[in-house]
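Two complexes follow with chain A in common, the first pairing it with chain B and the second with chain C.
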Partner chain A sequence: MTRSEVAYDLAVVGAGPAGLAAAGVAARAGLRVALLDAGARVGGQYFRQPPDGFHATRPGALHHGYARFVRLRDGLGDTDVLLGHRVWAIEPAVGGGFAVHCLKGGRERAATVAATRLLIATGAHDRVLPFPGWDLPGVMTAGGAQALLKGNLVVAGRRVVVAGTGPFLLPVATSLAAAGARVVGVFEAGGRFTLAPRALTRPGKAAEALGYGRLLARHRVPYKGGRAVVAAHGDGELTHVTVARVDAEWRPYQGGHETIRCDTLAVGYGFTPQLDLVAQLGCEIGADAAGVPAARVDRHMRTSAPGVYAAGETTGVGGADLAALEGEIAGRAVVADARGVPAAAHPAAVRTEARRRRLAAFADALLRSYPVRDGWTSWLRDDTLICRCEEVPYGRVKEARDLGAADARSIKLLARPGMGWCQGRICGEAVARLAGEAPGPPRRPIAQPVRLGDLAAMNERTSDDDA
Partner chain B sequence: MPDVVVIGAGMVGAACAYYAAREGLSVTVVDRASVAGGTTGSGEGNVLVSDKEPGPELDLAVLSCRLWTELAAEAGEPGGFEHEPKGGLVVAESDEVLRALTELAGRQEKSGVATHRVTADELAGYEPHLAPGFAGGVFYPQDAQVQPMLAAARLVRRWPGVELRTGTEVTGLLTERGRVTGVRTGAGDIPAGAVVNAAGVWAGEAAALAGVELPIMPRRGFILVTEPLTARADGRPLVRHKVYTAAYVTNVASDSEGLETSAVVEATQAGTVLIGASRERVGFDRTVSLPVLARLARQAVGLFPVLADVRAIRAYCGFRPYCPDHLPVIGADPRVSGLYHACGHEGAGIGLAPVTGLLIARLLTGAVPELDLAPFRPDRFTGAAA
Partner chain C sequence: MTGASPYRLVGARPEPGFEIRVDGRPVPVVPGQTVGAALHAAGIRTWRTTRFDGRRRGLFCGIGVCFDCLVTVNGEENLRACLTEARPGDEVTTS
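Up next is the complex of A and B:
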């Protein structure tokens, strides 16, 4: 394996709003910064960009705050932007710092980036709840639909149903509608997104919500609360869905079902922080306001592991504004720590601290307002796949429980959900919930599939040879 | 009141419950977590005779291999737990190692182990994708594979006389006039005629509840798992047997504190290839060691070069419960009446579980055990042991 000759002061993993902001702050202060991302361009999920070949005439049309993205991107200074780098493991390096092990490009060449400090800003992925028919072509996550639209300028389908829970359904629906899809309905399993008094503390957010309302009205998109897509149907591909009226626990009311024709279903139940790397590094992991695992950080975004910082959704799902702000704070803390001066001494610290608290309070309020309710399990049938990689139906999960599997790990050991290609990133939370547990932090020593040949070629540390 | 309480719903505890129930005893199995939640769920499911020197442990292994076949046949092969008598192929890197291996095989045969000498030319017939250059090997047809979590879960349920209580932690032992008469748990007392300690890596702590010492310690092992491989044109897996180098034999019996690896490579019925396992004494440290994984990968690729392009998707570690003399503890504790131990199997717990359960059931019913239990005495570690 080729060891990188450059030792960076900071390696930032993830080039979304948090990573961009942090890298920019640190690079402009004179640190040597590497910004790594698996994608082909910076921006992450939120600022996902179409490939250059698309010649998008108005690249900002699909984004809120496109100007801010441009500012972040252009503020990267001398940052080395390493795109197409998938990080599969990070280990403390001999003599301090970290070795960031990556797979580079489509041919997955192994590469290692050495850095004194690390910022993990790996974002979040869609939370998936299985239901009958969710494995049909045409069913995608809300985040996936948005990513297709932003990244490839593909209108996900002609007749689209958007369902799930949480305010993210609104931008998905409005941007699909604006791009020409016929959005036949937005079905929120919880209560409709309203301007709760708490939201008024964030004028920008309230305006955004009002804007969505106007957009939905303009495109004549019905937005209904207390409704859930409890089944998707089709012979080989999606043709229609069953929408049920559900009670406060998301159990369908008798007779409250309607069938809606569609070729695309975008379904989202919120997001789950991507914690593989922080877990690998042994950082303390707590829970966000919804009880979902998230990296614990101090007010300077330092994790419990020395030299490791986290920002953005990694510390709890809170949206792009908060992520960018956390990135900025983390970047400043890295600079201060590198110079051995107190992080709080920066003149901007007091202002950003207050702003972060306000944004975080808003994010927490949203998380608490849109929890996943246990009634979703009543949508399952014995043949509903829980794990798609290993093709484990709900019936086998029940059988594992009957065999004495009292927790999620034992269900996995007996019935194999989460053992396949995605390593439980998709089904892990559902399995935990079926076991009656709060979802736990990940334990994935290998964060990305890696060829045994590349693993075998890793430099062996002399200390182990001596052991 | 059950006749027996078994502490631990791992493979060994499940086998103890199975054989005791088969003898007509009523059994309650308690586990503070889940069925197969400890070392049983962190291993490979090895049922091996090939890796053992002639002696008391090999005698256990030979009988246990046969019991595994019976257990699987009883429910219709593969027994509901993927029993696969695929055999093991041990390959030698050099003529010198081959001589040592062949000599070992000769001694193992006297203990009832079936062995076939394999010449260098014949190796490809056993394993078409094996790297060239090995001096030869020995094939052990008795070596087998089970899915240990399913095996524990199914065996504990096979007899109606067994009650399984998961999420039930034993916090103390009930005693009466120096005799163990049950367990105290977070969910109340369970009086019983006898208590079997099958608590795996925590068996020392369970013994301590009775005031007796049992020096059982953890020995860490990492296992690499590849992506599931699609079926090959000939319908046979890429790796057909359990394959390892003869270096493994020396590592298993080793007293070294440090890291040792000698990859055992095999395919599973789920289509993945398992590469295990390292051996380290580092306490209960779960921190992932990339150099260990790298070394396992290197050895696996050394055996099967075709694996270089196969991706690892997972790695996990487990803790083998071992005793200073690398033998298990099986038998009634002469220091505390009513207490039996079935633990300390190190990396052989899956393979040796049935024989352990059978022997414990013999003791519980007052029958004569099939094997001499003296080498496995629970009090053999104390200076006072006569």
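Up next is the complex of A and C:
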């Protein structure tokens, strides 16, 4: 076991909307709170900020709901904000509580933070599906293009195609267009995002959808449903994509193909919660409305592991508003539990609970409206890479299946997809789907790669190592 | 082109930048940008090749998940370019 310097009442992992809200609530109630994030600035993926060196006078121009971010950021109270901290493991500490092991700084040094309670708010990353050419430079995730823009003020490309499924494609396309990219098309494999009756129960969301529609029109960006990018082409770098008209199961129609010239493809098929830490801590993992693994929590955001809470996308993909609300609820529960009083006794609890149910119902409806359909497998060719890290093509996955590998784990052991650098974070879900399984929870004992030297140094550290 | 740019959009007044070198070639950086962002902005979309098929790789997930953008900076290997903040004088080597 390792020694650590300061004991906090609460360590929050992840400084997105959920983590910011939780840390603020707990710190303002007088708890000693550490807020850790791998990034250089708070905000997470949704409220990703450009570096101070840009001196942006209108930082909200790239964000929906920027005022909320400012409130969360300015409400952190005495929270110790530990940026550039990548948490790679959490273990129970001697004498109770937790030891949160991090690598800190751009060039990575080991550090450990001790805390009595934990909130895991590690968010989500883009879900991507393999297709021919998806590893050509110029093909990026939709979230990656957005991160490049929000976090670095770099436009991903000049001529950009946006494709995949889900409402997230809209803000990606409109912000790229507003920042000067020529967005030549948005291709939604499912149905176009419309003002479905469900959306009308959230007037704010209806207005948001209308706003994106207007922006797409202003930038003359075509938005088409029932279309998917089924191949990317280029000699060393992306130069064009094939867009197919697809049926309800996402199988391409004969002859409905068009070739579109572009230097960048921003692609995303929804999001996958980052569950490495909750899985490590032994928290029970269930599934969200789309069947994707998510941490199971009670109505106070407590996981099944004592002292461990989860909020935001960790508990199922639901967007920034729901995440911030869940963070607030979790923060209040941590305060109540620390004081040994019932969490439900807080005067705001009933109102918050009702609001959370409304937001969660909307999120579930969206997840059910934009599922991944099985027809994506018809886009694959034998030489299409499934695993980018280990360069495992579809043909080898099929061979493994032919040899009798009936589940994702056996396919992994025979053909090695998911055994490289990213440890299956990118291809894991695709491999599970190819095995005919629902995607399972992660089993990664280490959440970030750690150098052996850093591990060895952990036992020899002195306190001035952190200087 | 409309003349739109991310700087104009957010009203940025960037501080004087600095340079890093990529295989000896200078690449401009605004303070705080990542190595990956600086390279991508300079039109360098790929900086490593895979070990089996020699496929070219650059930014993909952009948020530290996929490890496609691994880069060598000042001799230190396997850093994620999308997470590594560029510093004045950094020497980036591609493969």
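Following the convention adopted for this analysis, the second predicted complex is superposed on the first by the 453 of 467 C-alpha atoms of A that agree within 3 Å, B and C clash if a C-alpha of one lies under 4 Å from a C-alpha of the other, contacts with A are read in each partner's own complex, and residues count from 1 in each chain.
In this text, contacts are C-beta pairs under 8 Å (C-beta built on N, C-alpha and C of every residue); 3 or more make two chains touch, one makes a residue touch a chain.
Here the structure is a predicted model, which is why all the values come from computation and not from measurement.
When both complexes are overlaid on chain A, the residue A:A456 reaches chain B alone and has no touch with chain C. Once the two complexes are laid over each other on the shared chain, residue contacts for A:R388 go to chain C alone; chain B is not touched. In the superposition on chain A, contact of A:S410 is made with chain B only, not with chain C.
When the two complexes are overlaid on their common chain A, residue A:W421 makes contact with chain B and with chain C alike.
Look at A:G255: by the touch rule set out above, it reaches neither chain B nor chain C.
After overlaying the two complexes on the shared chain, residue contacts for A:P347 are found with neither chain B nor chain C. In the superposition on chain A, A:E237 contacts chain C only, with no contact to chain B. Within the superposed three-chain model, A:H101 lies in touch with chain B and out of touch with chain C [touch as defined at top].
Among chain B and chain C, the chain that touches a larger number of residues in chain A is C. Once the two complexes are laid over each other on the shared chain, residue contacts for A:V139 go to chain C alone; chain B is not touched.
According to the touch criterion, the shared surface of chain A, contacted by chain B in one complex and chain C in the other, consists of residues 420-421, 449. Within the complex formed with chain A, the chain C residues making contact are 1-7, 9-15, 30-34, 37, 40-41, 45-46, 50, 52-53, 55-68, 70, 76, 78-79, 82-85, 87.
Touching chain B in their complex are the following residues of chain A: 89, 91, 101, 280, 282, 390, 400, 403-407, 409-410, 413-414, 416, 419-421, 423, 443-446, 449-453, 455-458, 460-461, 464, 467. Those residues of chain B that touch chain A in the complex are listed here as 9, 33-37, 41, 149-150, 153-154, 156-157, 164, 166-167, 224, 226-228, 258-259, 270, 272, 275, 286-295, 297-298, 300-301, 307-316. If you check the complex, the residues on chain A that touch chain C are 38, 40, 45, 50-59, 61-62, 106-107, 125-126, 135-141, 143-145, 147-149, 151-156, 177-180, 182, 236-237, 388-389, 391, 420-422, 425-426, 449.
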